[in-house]
């Protein structure tokens, strides 16, 4: 940690800050500059609150040198984490996984039809929303437990592990029992009570990036889950909020090489929610594969026009299938299976 | 609702969409344009999902005409809502309320000292965080129930109603019993399960705007609480996330006249969290008053350098006091008490 | 164009607006809604100023139906434009072009070395900045005419057409004479006087997207050049400004399929400036190819550590070469040469 | 400047970087940390290019300590600069200036009418656009020289100094001769050739903040003009681009105390362009005054509905007048004239 103070700061003020740091077992070394003096703090600076120090009127700025995450940090875990989702490996040099399914679970019949389509096209997990985070209280809020039950039955029939979004701690037992990969949605990325509860869970977690969260905050949310004891976290980019109006969100594919640099966790991409438009999904999926992602999560519906939510971004099964075929060819070029 | 389709769309496709809308009891009128045909949907369009319609490949765009909120909408409730917080009126032409207190509750002694300072300076409610949403799992997470208890004792001594943040549904009973104004933090603005639970609560809610949420989404979150039966919602702006680096967030004061236009709910401003720097708090507070806000929520600490969180943005009691004095003079100019 | 007014608007006000529109030769059709009346304007609405109409206090909103661009609009020019840059074809199903070179031209020797490296690696055009837009007046501002001359000599030796940025109208003659593809930088994307001057130029233009400009504004800037008579415009995405701090800018690859949908102009990608970090350039380049771009513009330097600007984002020649090889394999998968 | 490298960096690499810095006359001091070594560079670091250093693969990060601006920096010029615009003082404790006028100059008659209205209401300068930066090439581009001439005539009649936007260097002579305060628009904030030309001008410059420019970049653009020899720069905030859709831009009033902290230059606010809606202008103007701005620039039109551009954001003369009256009362509270 680097603390900057102006040169003319009274020595008593400087000493007060330094001694408060030294009391915590860290040492401080000063570099005298032209207009500023710079103090380097040596030791485990995670015990310090940078805002605590910046609050002093004599402090110009406080900058952390080391990233604030530890368990999710590649520096301390140089090899890729490979997460096991009901027997399917995600990350490292394992095959790129393709997760498909409808935005929301609507009926048993459609659930089964789409699960079959996903399976036939080469999808390896089945996604579906039973509890839906909707901007409007008047919109369809999901089938709840019934939806989960239908997914479980579809898994029995088609053998695809299931992925679904958990919105509150009180449903965690249900998800622990039935769901193979528990999704945390973008709007709950910093619902810290939910993250803490998932830290005690035994199932792997798919952690979506918040709409306006930095990569650092996103990794810190993974750290919450890991610090609680559950190290099975898969990160998922789904677009960030910008000023652009032609897409719902801006898909930030540069997270792929950055996550590989900063963390050992797998990273998968959700082009359906990011773009909000099925016409953009194939090209963004192929781009994600070329950039080195560990998986894709895609909305698939056999009748998008009558889907109860997000039909506009859903692929028809035949589009989903041809996307997987093209994706395999791209994956091969970069030395990866799919 | 306005639906646009290209002129050369096959009639069968057009009819399919129109009949699906008419089945819901709405009528559709077409305007033939030069390159596009435009279809106006007449009736209660809140039963339609615009994404449902936009999902059709023949639809160019779908635009809503009416705002998606009803209970929070000024059109249908032209008079200002005045919210009662333990006897204190917020909104309308009532006095501008000033809420002060530390970011987090640390010890009983400091809690009492600051509550006294807030009271003496002219503050009318006391705020303090007992449950803290922290980006890092390694940071101080709040005193929990003990913190709430100290606030309750401080209320008994100084008579200031208390405001604190609720982070999860399982603490709602505790808040219902002890807290006068239940705060929903920026990170939980779209934690819909929490909003639904608050819709059943009897205490008023202070709803902070999410870091990257539009005003419309914010009002929709108020609508969630109101639709559940609790119409006592106060909106609170606390800065939005932008590219600017000299402030923590960008305080958006234009929400004040916009909220007054679009909604009948009171709007208060939190310059402490928005700017993250106590040196900016006074000028932003005076600006908020001049712009017509219904209240301010400010961080006050008698020893910011040793605060356990967000000391950098806390005002010393004497600064808080002089801010209130200047604020009263500004309020007077615009015809408002404080 | 769709104009919305509240139902209780006095008829005289409504008539005033309608007659002002009809006077311009357009017709207006009303749809009576539940709370609002909607007026559809039929005819060439490009003669109307939507802000002119929205300025009326009785108007709730004004929404355009048709895109504001014509010459750049794919609706009116369904086939891809293929731009000729000194004999090299860009766009359509032509080979994906790779443009390489240093951020800024520093010395004749280095210019020649890098041009040779670009040529040997398979690059097809040579880029270099002679006039540099620098945030600081104290930073190196470019070699100017001398830099252009060295690039011209390098072209004579290695046969690569040259690309360079024009910063002001008074250098246009120099660029017309010497440069093969005239670049407009992100900061000048809405320097309308420069765009107008380029509308009269005979050389093709590489138009970078502004840091915070929507896709629509970007196409409108292309429209400026085209409306002036120069239809040879190539669009170039170079990242947009967001809240994220781990990259310099956020590369928005979804522009590739969107530009293909909305416009007939070619689109190339600049991952070097977008990311600001050479470690991210290869994966973003391969992603861009997979997404269907028409070309890449990449910073290449044989000694990035001593480059006078933007060394951090420059590829070494061997990295540039291996990127091109991988890129060719990806291009082949999507049916494109490179 | 602080350079961070990992602890295991080969000494030869470290030495290479240090010696390249020492060659420029600076000294380097190392602090050995737990996982990283930190190097403090002492001396005039403005001769170093931080990207140059960050380009090394062994460098983790480079952070500047001192702000990159000098002439505009309050540290080196502690007293407020007061800019003289044709005899009117702007900045320091001088009166808050109010500049009013139409977005664009349309006819001599309307120019005179509005100038009279501005004068009568208490405005102190007259603004009007003769050269207009318009997103569309098909929109009205301004009256040019004729417009400037009408403004000059209006100045002769009403005595108000005139403010107008310069879009390109080739009109600088015209502006030097006729205009009292030369405006640089948001889209040209980083048109560095224009800034350099204005550095040689004798007239003061009103420098608008770019739509997506940080405060630091904005001050750096002022620095460009000042470094050229023209120290008469007034900064003007006009809203930044965010995700919010209910306002055209987000007015960032926190720039007022920040500019006062970081720089000695005056800061004025343009609520008309920021909000794009006259209904928001008064409250944002009063807020700006309460926050300590040195002036306001406001759009005024006697017939907004027929204005040729931006009518929606123009105040009627009577609204402008009442705004000034309220503003004076607020100004008085904070100890300032207006």
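In this document, chain identifiers A, B, C and D correspond to the written order of the chains, with residue numbering beginning at 1 in each.
Following the convention adopted for this analysis, contacts are C-beta pairs under 8 Å (C-beta built on N, C-alpha and C of every residue); 3 or more make two chains touch, one makes a residue touch a chain.
What you see is a predicted model; the values in this text were computed from it and never measured.
A.B. asks: If you check the contacts of subunit B and subunit C, which chains show up for both?
C.D. replies: Common contact partners of subunit B and subunit C, which must touch each of the two, are A, D.
A.B. asks: Relative to subunit D, which chain's C-alpha centre is the most remote?
C.D. replies: The most distant chain relative to subunit D turns out to be A.
A.B. asks: Identify which chain pair among A-D, A-B or B-D reproduces the interface of B-C, meaning that over half of its contact pairs, matched by residue number, are the same.
C.D. replies: When the residue numbers line up for over half the pairs, the pair is A-D.
A.B. asks: Please tell me the distance, in whole Å, between the geometric centres of subunit A and subunit C computed from their C-alpha atoms.
C.D. replies: From the centre of subunit A to the centre of subunit C is 31 Å.
A.B. asks: Measure off the straight-line distance from the CA centroid of subunit C to the CA centroid of subunit D, and report it in whole Å.
C.D. replies: Those two chain centres are 26 Å apart.
A.B. asks: Can you work out the whole-Å distance between the CA centroids of subunit A and subunit D?
C.D. replies: 39
A.B. asks: Do you know which subunit B residues sit against two or more other chains?
C.D. replies: Answer for subunit B, listing residues that touch two or more other chains: 212, 241-243.
A.B. asks: Could you please specify the touching residues of subunit D with respect to subunit A in the complex?
C.D. replies: Contact set of subunit D toward subunit A: 2, 4, 29, 31-36, 38, 40, 42-44, 60-61, 63, 65-66, 75, 212, 241-243.
A.B. asks: Can you check the complex and tell me which residues of subunit B touch subunit D?
C.D. replies: Within the complex, subunit B touches subunit D at residues 212, 214-216, 240, 242-247, 250-254, 256-258, 261-262, 274-275, 279-280, 283-284, 286-292, 326, 329-330, 333-334.
A.B. asks: What residues on subunit D touch subunit C, complex-wise?
C.D. replies: 46, 49, 51-52, 54-56, 68, 133-140, 167-170, 187-188, 190-196, 210-212, 217, 220, 223-224, 227-228, 241, 276, 278, 304-314
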